[in-house]
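A quick write-up on the structure given underneath.
Each chain carries a letter (A, B and C) given by its place in the written order, and its residues are counted from 1.
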Amino acid sequence: MNHTAESVAGQVPGAAEAAVDALPGGLEAGIEAVLMVIDEPIAAGHLAQVLEVSEERVTAALERLRAQYDGGDTPRGFELRELAGGWRIFSRREFAPFVSRFVIDGQTARLTQAALETLAVIAYRQPVSRGRIAAIRGVNVDSVVRTLLTRGLIHEAPDDGESGATLYQTTSYFLERLGLGSVSELPRLSPHLPGVGDIDEYDVDSPWQ
Amino acid sequence: MTAPAAENTATGRIVTDDSAGGFRVSLENFSGPFDLLLSLIAKREMDITQVAMAEVTDEFIAYLKLLRGRAGSKALDETTEFLVIASTLLDLKAARLLPGSDIENDEDMALLEARDLLFARLLQYKAFKHAAGWIAGKLHEEATSFPRQAGLEAHFAALLPELVFKTTPEALAQLAATALAPKAAAPTEVGTGHLHGGTVSVREQAGILAALLKEHRSLSFAALIADAASHLEVVARFLALLEMYREQVIAFSQDAPLDALNVRWLEPDADWDPAALEEEYEPAAAEPPETSTTSAQAIQGENP
Amino acid sequence: MNHTAESVAGQVPGAAEAAVDALPGGLEAGIEAVLMVIDEPIAAGHLAQVLEVSEERVTAALERLRAQYDGGDTPRGFELRELAGGWRIFSRREFAPFVSRFVIDGQTARLTQAALETLAVIAYRQPVSRGRIAAIRGVNVDSVVRTLLTRGLIHEAPDDGESGATLYQTTSYFLERLGLGSVSELPRLSPHLPGVGDIDEYDVDSPWQ
């Protein structure tokens, strides 16, 4: 997130060794120490700032850690994943049956088909108004949108000051729940849709098209 | 892409009933007209791009009838959406049934445009439905991976900047009330009270007016509506006055524009009867209850 | 992802192989998966019960993990400590200066809207479990409950000995910040609000929601 100018110094060969390098375990252990206390994904840039090394070094170290955790015959019980614009430790999926007993999750209530379809429209057309969602789905979506708001999967987009309509977009929590780094990782809509965007004046050149 | 047929099976809404020589639709949970249309197309195993929509039109209309019969089960605007699509489908079907007319007239063009628009919207909906399936799969898959969120250890927590806490007890109570309030349930009934607003009979109001005028001979309009219980009654009395004027039992007088309107009884014959009024303002004779209501309920009963 | 049938069971001759042994990384990875996610120390006996192996095996595996994390020249950035009758993973002490910087820089001094709402629910329904709060709010509240704990606004209620769930209640610090003498001085909510018992009956998955 915060790209400090000082951090770039670390990548210069022969540059003074950062304080973290002098500690047992070095940069990788330093990264792990911070990963232990975060409660949302942390960007490599933020880690670089905290640890006073370059973002490039942090990213490389994160990749090494990820490979170590996943390593070969004896992977660790946790994994390091990059999603929603940052890095975070997760329990390894195979152990979900054991871990799930310790996790209380209000999200386990499944989304209805209507909620899923509405979420899909918002994800691909964001920012988008309720009226447009309703036009695509052919039904009123007011209560479904409210459900998605309550669950933190979408939020109101910052007012563009032009149209009066409230626009909705997905949250970083949505990305976390889907394990995505950004909305650009959503799969393309069916390629069977040439020109459909024209019909209702949708933006064909939208990045999500 | 997920086969529409599979989606149809998964939702299991369409039930073909050969013995009845027709089909039945279990009324639960099409999330919209596009959803239903896709299912019908899948059932006919038709390519969505083929011009064979007429074949599903009957079923769509039948579904609509059941929908209408199930009183208040759908929001009004939702039903309206179904109607819009049904009318488009009917147009398409009619065009197919009529003997080949001139191709290039405006109506045909409009029809083709309507058809293309409908197809385009259907295709679009289908794509989003597919995307929704992908999202559901990812959500399910990711639900097995739990993030570490152990929180700050005590010695780090002590470093946190002093909490800025300006919430008042009243604001907190408001938050609690909002959080604890029952979630707004989906309306189970479409309110039609505003459409009927209780029955106010013009003829009945005319009777009241006649009695008043017989007694006082001449009254202002304001006096005549002084005891009206609602706007609707005021309107009914005004309509009644117009009727009575046409019947030549009363006369109007107004000294200046926007001045008070005075109504005078003309005593045409002593026993003028408001029953003589025409019935054009009366509600249509009560129709027997929709038969489809009962049949829809019966079907629900079979498919709980 | 591959569920290799490789097993650690050989370490304990004659012992029946547990399900966790069949997973990649085996028992140790299973313990790690749980340790990474929990936010309070867990007893070896509890781990043994959840992982369906003997407590002796769990204790031995915990000792091995502790040694691994502390290991020689390249320790990890986290450490496994036994305290208060249980085990928990902490960030390694040597890296405290970096973690401290992260805490001081990154944290906001205000409660989020989600945290305030959760605090309101706890204030009016205390003592209350996380699961019930999640049900009322319709979202996962683990993270915000932890924030409220960290901030000293709530604490765990004395165990009632019946339900296993941890119950939370507000603290005297909470009353202090609100300027109240006791919880009974909180403004009354309107009487038509449903009792907590009714909350659970909301149809979360209503097809029309």
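Following the convention adopted for this analysis, contacts are C-beta pairs under 8 Å (C-beta built on N, C-alpha and C of every residue); 3 or more make two chains touch, one makes a residue touch a chain.
Everything numeric in this text was worked out from a predicted model, so none of it was measured.
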Query raised in the report: Looking at every pair of chains, which two share the most C-beta contact pairs?
Result: A-C
Query - Chain with minimal offset from the mean of all protein Cα atoms - result: A
Query raised in the report: How many angstrom between the C-alpha centroids of chain B and chain A?
Result: 40
Requested in this report: Mind checking the centre-to-centre distance between chain B and chain C? Centres are C-alpha means, answer in whole Å.
Outcome: 48
**Report entry** Chain centre separation (chain A, chain C; CA means) in Å
**Finding:** 22
Query raised in the report: Residues of chain B that touch two or more other chains: which are they?
Result: 29, 31, 146-153, 156, 186
Report task. Mark out which residues of chain C touch at least two other chains, giving numbers and ranges. Result -> 36-38, 89-91, 96, 99, 103, 137-138, 142-143, 146-147, 206-209
Report summary line: Touching chain C in the complex, chain B uses residues 28-29, 31, 146-153, 155-157, 159-165, 167-170, 172-173, 175-183, 185-186
Query raised in the report: Inside the complex, what are the residues of chain A that reach chain C?
Result: 19-20, 23-26, 28-40, 46, 49-51, 73-78, 89-95, 98-99, 101-107, 109-110, 112-115, 143-144, 147, 150-152
Query raised in the report: Contact residues on chain A for chain B in the complex?
Result: 35-39, 78-79, 81, 88-93, 96, 99-100, 103, 105, 107-108, 111, 113-114, 116-117, 119-121, 123-124, 136-140, 143, 146, 176-180, 186-187, 189-190, 192-193, 195-196, 199-200
**Report entry** Complex interface listing, chain B residues touching chain A
**Finding:** 1, 11, 29, 31-35, 75, 77-78, 81, 85, 117, 120-121, 123-136, 138-139, 141-153, 156, 184, 186
